[in-house]
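Presented sequentially are two complexes of chain A, the first with chain B as partner and the second with chain C.
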Partner chain A sequence: MSAAQYLELYQSLTEVLPGQNMPWLSEIRQQAREKFAGGGFPTPREEEWKYTNVTALEKKLFKTSAEPGEEAVGPWLDDFYLADAWTVVLMDGFFSPGLSRLDGLPGNVIACGMTDALKHHPGRVKTLLGSALGLEAHGFIAFNTAFFSDGAFVEIPTGVSLSRPLQILHVSTRPEGLANTRSLVGLAANAGVRLVETYAGAQQAYLTAAVTEIKLAENAGLDHYKWQVESDQAHHFGGIYVSQERSSRFNQHNFCLGGLLARTEIHTELADGAECDMNGLFLGLGRQHVDNHTRIHHREPNGISRETYRGILADRARGVFQGRIVVHPNAQKTNAEMNSHNLLLSDDAEIDAKPQLEILADDVKCSHGLAVGQLDEESVFFLQSRGVGHETARNMLTFAFAQAMVEKIGLESLRFLVQERLLNRFPQSGIRRDWL
Partner chain B sequence: MSAAEQTIEKLISQEYKQGFVTDLESDTLPPGLNEEVIRIISAKKDEPEWMLQWRLEAYRHWLTMTEPRWAYVDYPPIAYDAISYYSAPKAKEGPKKLNEVDPKLLETYNKLGIPLYEQERLAGVAVDAVFDSVSVATTFKDKLAEAGVIFCSMSEAIRHHPELVRQYLGSVVPAGDNFFAALNSAVFSDGSFVYIPKGVRCPMELSTYFRINAAKTGQFERTLIIAEERSYVSYLEGCTAPMRDENQLHAAVVELVALEGAQIKYSTVQNWYPGDEDGRGGIYNFVTKRGDCRGAHSKISWTQVETGSAITWKYPSCLLRGDHSIGEFYSVALTNHRQQADTGTKMIHIGKNTKSTIISKGISAGRANNSYRGLVKVLKSAENARNHTQCDSLLIGDRCGAHTFPYIEVKQASARIEHEATTSKIGEDQLFFCRQRGLSAEDAVSMIVNGFCKEVFKELPMEFAVEAQALLGISLEGSVG
Partner chain C sequence: MLKIENLHVRVEDKPILKGISLTIRPGEVHAIMGPNGSGKSTLSNVLAGRDGYEISAGSVTYQGRNLLEMAPEERAREGVFLAFQYPVEIPGVSNIYLLKAALNAVRKHRGLHELDAIDFLKMIKDKVKLVEMNEQFLYRAVNEGFSGGEKKRNEILQMAVLEPRLCILDETDSGLDIDALKIVSDGVNSLRCEERSFILITHYQRLLDYIKPDFVHVLAQGRIVKSGDADLALELEDKGYGWIDQQLGAVA
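Entry: the complex of A and B
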C-alpha cells in the first residue's frame, strides 16, 4: 500500500484516534501526517534505509480497525507471558485490560494504555511524547506519530525500583492487520526497572509499527529487553528512542528471531556520565530480512557506551547491521566501543554492515570491530571425531555462538524463554538440552 | 633527515613551500563549458573523430547528472561555467631536448625541487612532467623503449597508439561512472599513458609530477596504465600547486588494468595547496581512481599520502575479477586547519580466493574533518574471499573531527571479513614517556605521528617515504604545542 492509500484509510479513522480532542496532540499528529504525506515510507535511497526495502509493504493491504477487539486468543499467547512480570498487553494496536496482568502493581507506579493515560495524565504524556525523537525522524516514525491507535504508558516515580519486571506484550491476531502503537516510558530520578517488550503474533501476515520513547532522568537505571518473535510472515518495524540524562544507565538487550521483514531501531542520546550497553542477537532463516539499526549520540562528556551484536544468517536470509556512534564536540572523555560478529551459514545468505564512527571531540577512546565468517571447520571436525553428527555439530556451534548473547540476559524467566525459542529455531538440531 | 628528527617548532614557521605562480603566457580557453569547448579541446590535440565522439557522449551524460553530496565535506556550489577547461603553456615548436624547454618552466621545477636537469643522471626515475595540461618534457624514453614500455602523455598515446587507448580507455572507469568522472571524460586535457608488455618488469619506477598553474584553470588529468600478463610496474605520482586564493577544481581519473599475473603499484603523495588557516583557497580534489585486476593472480596496490587540498574526495578502488587476485590500499590522510577529506577505497571481490587489505590512517588537527569511507563487497562468486581492514584515526586538538564509514556487503559464506577501527588522541602517557626520556613535546608528537603512519610509509618507495614524512611534519604546522 502506498502512503496515499494509508492516508485515505486513516481519513475515516481520524476521529477515533486517541487525543483528537487535545489541540497540542492533534497539532503534532497533523505535522506528522503532512510529513508522511510528503515523503511516504522510507526508500533505499535514504542512506539509513540503504539495505532495507519496504516497498514490499505496498503489495499488501494492512488494515487497522477502529476499536479494540477482544477476540479469543489461542493458547499460544501464554508462551509469551513472563511468569514473574506485570504485563501490559497491546492487542492489535490497543491496550487490552482483560489480557493484561497488573495486580499488585505499586500505587505510585503508572502502567496503563495510552488512551487511558491521555485521559488521566495528559500533562505527563505531553512531556514525554516526542521527547526522545530527533528531528531526523523518517517516514515510519511520521506514520506512527500521525496514526498511533494506542500504546503503553509507563512511569516510575523518583527513587522507586520495581521488584518485579514489567512487560509490554505486543500481540497481533488479525490477518493482514496493522498494529500501530506509540509507547512512552518515563523513569524519574533514581528510579529503576527491568522492562521487557515482547512482539508476537499468530502465524499469518500482518504489520507491526511500534515506537517506544524512553526518558531516563538523572541516575535512573533501565534494563530493557526487546524480544521480537513475530510470525514468519509478519512485517515488523520497531523503534526505541531513548533520552538519557546525567548518570543514567540504559542496558539494552535485543533479540530478533521472527518476522519476514524486521527492522529494529535503537537510538539513544547520552548526557554527562551516562552509560549505555547494547547487546543484540539476530537470526535470519528462510527468506527473512533482519535489519538492526543503532545509533548512540554522546552529547556530553564522560559517557560510556558498549555495543555488541551477533548475527546468524542461513538459507536465503539477509541481515543488516548498522551501528553509528556520534561523539559531539564537547563530549570529552567519551568511551565508546562497538562490536559486530556475523556468521554466514549459506551462500545464498547475505550480510550488509555499516559500523560508523563520527568523532568530533579529541579526548576520546572509540573503536569498532566487525567480522564476517563461518563456523570453524576444525571445531566441527573435533565434535565429529567425538561421535557427533555433522549437522548436529554445526548446529551446536551455531547455537553456542548465539548463546553467548542469551547468557547476558539477567532476567532468568526471560532467558529461559529466549533460549527455548532459539533452540526451536534449529529444528532437528539434535542438541541435547539437559545440560543447558 | 627524517621528519622524526625535525622539530615541529621549526615546521610551524614554514610557509606553504611550493606557493608561487609562474608567469607564463598561457594558451587558455575562456571560462565555460559547452560542446564547442570540447570540440576545440579535441581539435587542439589533433584527436581522431572517435575520441571526440567519446568526449561528447560523456559530456551529454554529465549534463544529466547531479553533483554527489553524500560525502562528509562542505563547500560552496561550484560554478562549472566559471572554469576554463583548457590551458596549455604557450606552444612554440615542441621541445625535443631538455634545453629547448622554456627556461621559466625549468625554473619552476627547480623551485619545486624536481631535478629535471639531473633526471638523466639520476638513474632510476623517469619524469613525465605535466605542466598544467600539456606534457612538456619526457625523459628516459629510450631506456623504456628498449624494454618495450610505452610511457607517454595521453595525447601522444591517442595519436600513436590509438588501438590501445581505444581498447582500454573507459573500460575501468566508464565515461559516465560518476559526476566528476564524466566531467573528466568530456574535457580531460592530458595525462599519462603507460603500457607494459607481456612478461616485462619495468626497468625503473615511473613518475609524474603534476602541477596546477594557470589561475582559474581546472586540471583534468586522465591516466591509464595497462600491465600485460606477468608484467610489473611501479608508478609514482606527486603533486604540488602554487598558492592562490581562488579554489581550483581538480577532477582526475586514473584507470589501471592488470592482466594475468601482472602487478601494478601506484603511489601518490598529494600535497596541493590546502587553503590558508581560515579555509580560504585551496584545491578541490575530486578524483576517481580504479584498478581492475582482470587476470588471475594479478595484484594492484594503492598507496597514498594525502596531506594537501582543501577538499579531498577520493576512493582508489580495486575490482578483483581474476581468481587469486589481490587488492591493497594503504593510506595516510592528514587534515589540518579547515581541510576536509573524505577518502577510502572499494574492494569488490568477484573472483575466487581473492584477497584485499585496507590500512587507513587518518590524522585530523585544527578544525579539520577527516573521514574514511570504504566498501568491501564480496559477491557470490568470490569463494574464499579474504579481507582485512584497519582504520585508525588520530585527533590533535578538540575542534577537529574523525569519522569512519565502512560498508561491508557479503554474499558468500566462505568469505572472511575483518574490520577494525579506532579513534583516539595522542596518549598523555605516551607523551610523558617520551618527555621523560628527554624529547621535547614537539619531537615526541612528531615521533608518535610518524609511528602511527609507519605501516603505510613502509609501502612507499624510498624517496617518497622520506618526502612523505617531511610533508606530514609541514602539514601539522600550528597544530601542536
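Entry: the complex of A and C
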C-alpha cells in the first residue's frame, strides 16, 4: 500500500531522475522499481528486520521533489562541517555546489554529485553502481536504486592518499521531506582516504534513505566514519556496502546518536588478506529506536576482522545490534572477532543483540562476545564517596563507557564534535569538556 | 568529631555489629583491629554510606550532625573520606578528571570557587610527589591496570587532594609490599594534623609500625572488646587474636 503511494509519487518524477536517458541505468531502475512494487518496504516478517518495524513509514508519505530546493539553511548547519575537510553537501537529496567546500581538491581526485558524475564520468559510475551491493536486496535498497535523486561520487586514483579528510554531509531541511541518495566511493589500488559521512537535519520529521557503495581496490585503505545525528523526529535508513579486494583495509567507525527510528547497515566482503575494523556506538534516549546491522563476509583466505559495538539505551529507547560474520569455505586462516557491549540505563530500555558467527571453513580463529548490563553500583558508590553526586556519577560512568569508542576516532576534528554531542546528550552530566 | 553510640548493623538480617561505641576527637588516630569477620569493613562501609546495611539501633554523629542520614556524596563533601580496601577500576575516566570532578564538588559545597587549570595542576603535582607517583598516572584511567600498591597510593592521592577531616583507611595495608607500605604511611603521616582524624582499619599490626595510633581498639564478633594505646597492638601481635577469643569465650 505504501509502496503504491511512493510509486505514484515517483511516477511523475521518473523522467527527471538522473540517468534516465541511459539505458543501462534506466533498466537497473526499472528492475528495482518492480521489486519495490512487489514487496514494498521491509517488514518484521523478514529475519533481518525482525526487531525493527518500519511500517510507520506507510502511514506517512515523505515527499521528494524534482530538483534541489532554494531553502535557506540555518546557521546550525555550520556545526556539522568538519573544519579540516573537503565537503560534498547533499541537501534534501541533491548535491549542492553552493554549500559544498571543495576548493583545493587535487585535480586527479573526483568528488562531486552523482548527476554530474553521470554526465562527466558515466563509465566510472557504471562500473561502481551496484558493484558492492552484490546480492543485497531488501525493499529499502530497491527503493533507493529505483528512485535515488542524486548522491555523492568519489574516486581516488591509484596510489593517491588525500592529505585532508573528505566529508559527505547529508542534510535534510524540508518537513516531511525525503532525501533518497545513492553515493559511490571508489578507491583505486594503494589509494587512501579518510571519509566522514555526516547525517543531520533541521528539527522536524523527515526520511533519509541513503545507500553508499564502496569499492576498495587492492591494498587501498579507507578510514570511514558514519556520524549520524539526525533530528529527533527523523527516520533514517543508511546502508553502507563495501567490496574489499586483496589486502585492502576498511576501518569503520559508526556513531549513531540521532533520529527517532534509525537503521544502519554496514556490510563488507573481504578478499584475500583484506582487513576490516568495525567500531560502533549507538545511543538511544526517549523513545528512540536505533538499529545497527552489520555483516562481514570473509570470502577468501587470510582475512582479518575486528568488530566492537557499544550500545547505550536509556528511558524507553530500544536498541538492536545484529552482527554476523560469515567465513566462507574458501576463507582459511581467517581471524575474526566480534564484541557487543550494551548498557541499559532504565528498566524500560531494551536491547536486542544478536551476534552471529557462521563458519564454513575449518582453519580459522573466530570469537564473539555479548554483554548486556547496567552501571556498576560499586563504581557509582566509589564516585559518590569522592563527593560526586549520584546523577553525575552515573553520567560520568555512562560517558566513560561511550568514551572507549570515541577515543578510537583518529580524526581530531570529528572526535571533538562527537564528544560535544555526547556531552549535550547528557546535559546534567556535570562533565566538562576541558576535563577530557 | 565523630561519635558512634551503641551502633547495631545487620546485613540481610544477620547482625554484624552488635553495639559499637567510639568517640574520635580532632587530630586523633584510632586503629581498629580484629580478626576476619569481626565487622571491621562493615563499620567503614556504614560510615561511608554504602548501600546494603541496615542500622537496627544506635547513632553516628559527625560534627554534630546525624551522619547516617547523609548521602555518601554529602558525607564526602563534609569531609569524610574512605580509602577502599579494594579500589575499583573505572575504564574511561582518567585520574585527573576524577580528581577535578571530586575536588570541584567538594569546593563548591564548601563555598569555594573552582580552581583554574593552572592552580589545579600545580596543586596536583605537589600531591603526586607526596605519594611518589609518576605524573603519567594522572592521565590513565582510574586504577585500570594499576598494581595493588599503585591503587592504594592512588587512594592516598585522592585523600590528599580532597583534604578531608575524617579519614577512614580500610585495610589499606593489605596487599602492599614493604616499600609501598612505607610510601602510603609517609603520605598518611604527612596529612596528620590537629584538625584531621584517622580511623585505621587493619588486620595486622605492621601498618602501626609506620603510623603510630593514639588509640587501638579490638573488634571481635561485632563488638569492641578491648581498647588501649599503641601498646595494645604489640600485645596482639605477640599473642594473636586467639587470646581475645578466649577472653570472649570466658565471658560467655
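The rule we apply is simple: the second predicted complex is superposed on the first by the 434 of 436 C-alpha atoms of A that agree within 3 Å, B and C clash if a C-alpha of one lies under 4 Å from a C-alpha of the other, contacts with A are read in each partner's own complex, and residues count from 1 in each chain.
As a convention for this text, a residue touches a chain if its C-beta (ideal position, glycine included) is under 8 Å from a C-beta of that chain, and two chains touch if they have at least 3 such contacts.
Source: prediction; values computed, not measured.
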| item | value |
| --- | --- |
| Touched partner set for A:Q356, first chain B, second chain C, both or neither | first |
| First (chain B), second (chain C), both or neither touched by A:G113 | neither |
| Chain B versus chain C as contact partner of A:G139, first or second or both or neither | neither |
| Chain B versus chain C as contact partner of A:G40, first or second or both or neither | neither |
| Which superposed partner A:F399 touches (first chain B, second chain C, both, neither) | second |
| Touching partner for A:S379 - first (chain B), second (chain C), both, neither | second |
| Contact residues of chain A, present in both the chain B and the chain C interface | none |
| Chain C residues touching chain A - in the complex, by the definition given at the top | 48-51, 71-73, 75-77, 81-82, 84, 87-88, 90-93, 96-98, 100-103, 105-106, 109, 117, 141, 158, 162 |
| Residue ranges of chain A touching chain C (in the complex, touch as defined) | 376-379, 381-390, 392-393, 396-397, 399-404, 430-432, 434-436 |
| Sites on chain A touched by chain B in the complex | 47, 329, 332, 342, 344-374 |
| Residue numbers on chain B that touch chain A, as the complex places them | 70, 380, 393, 395-425 |
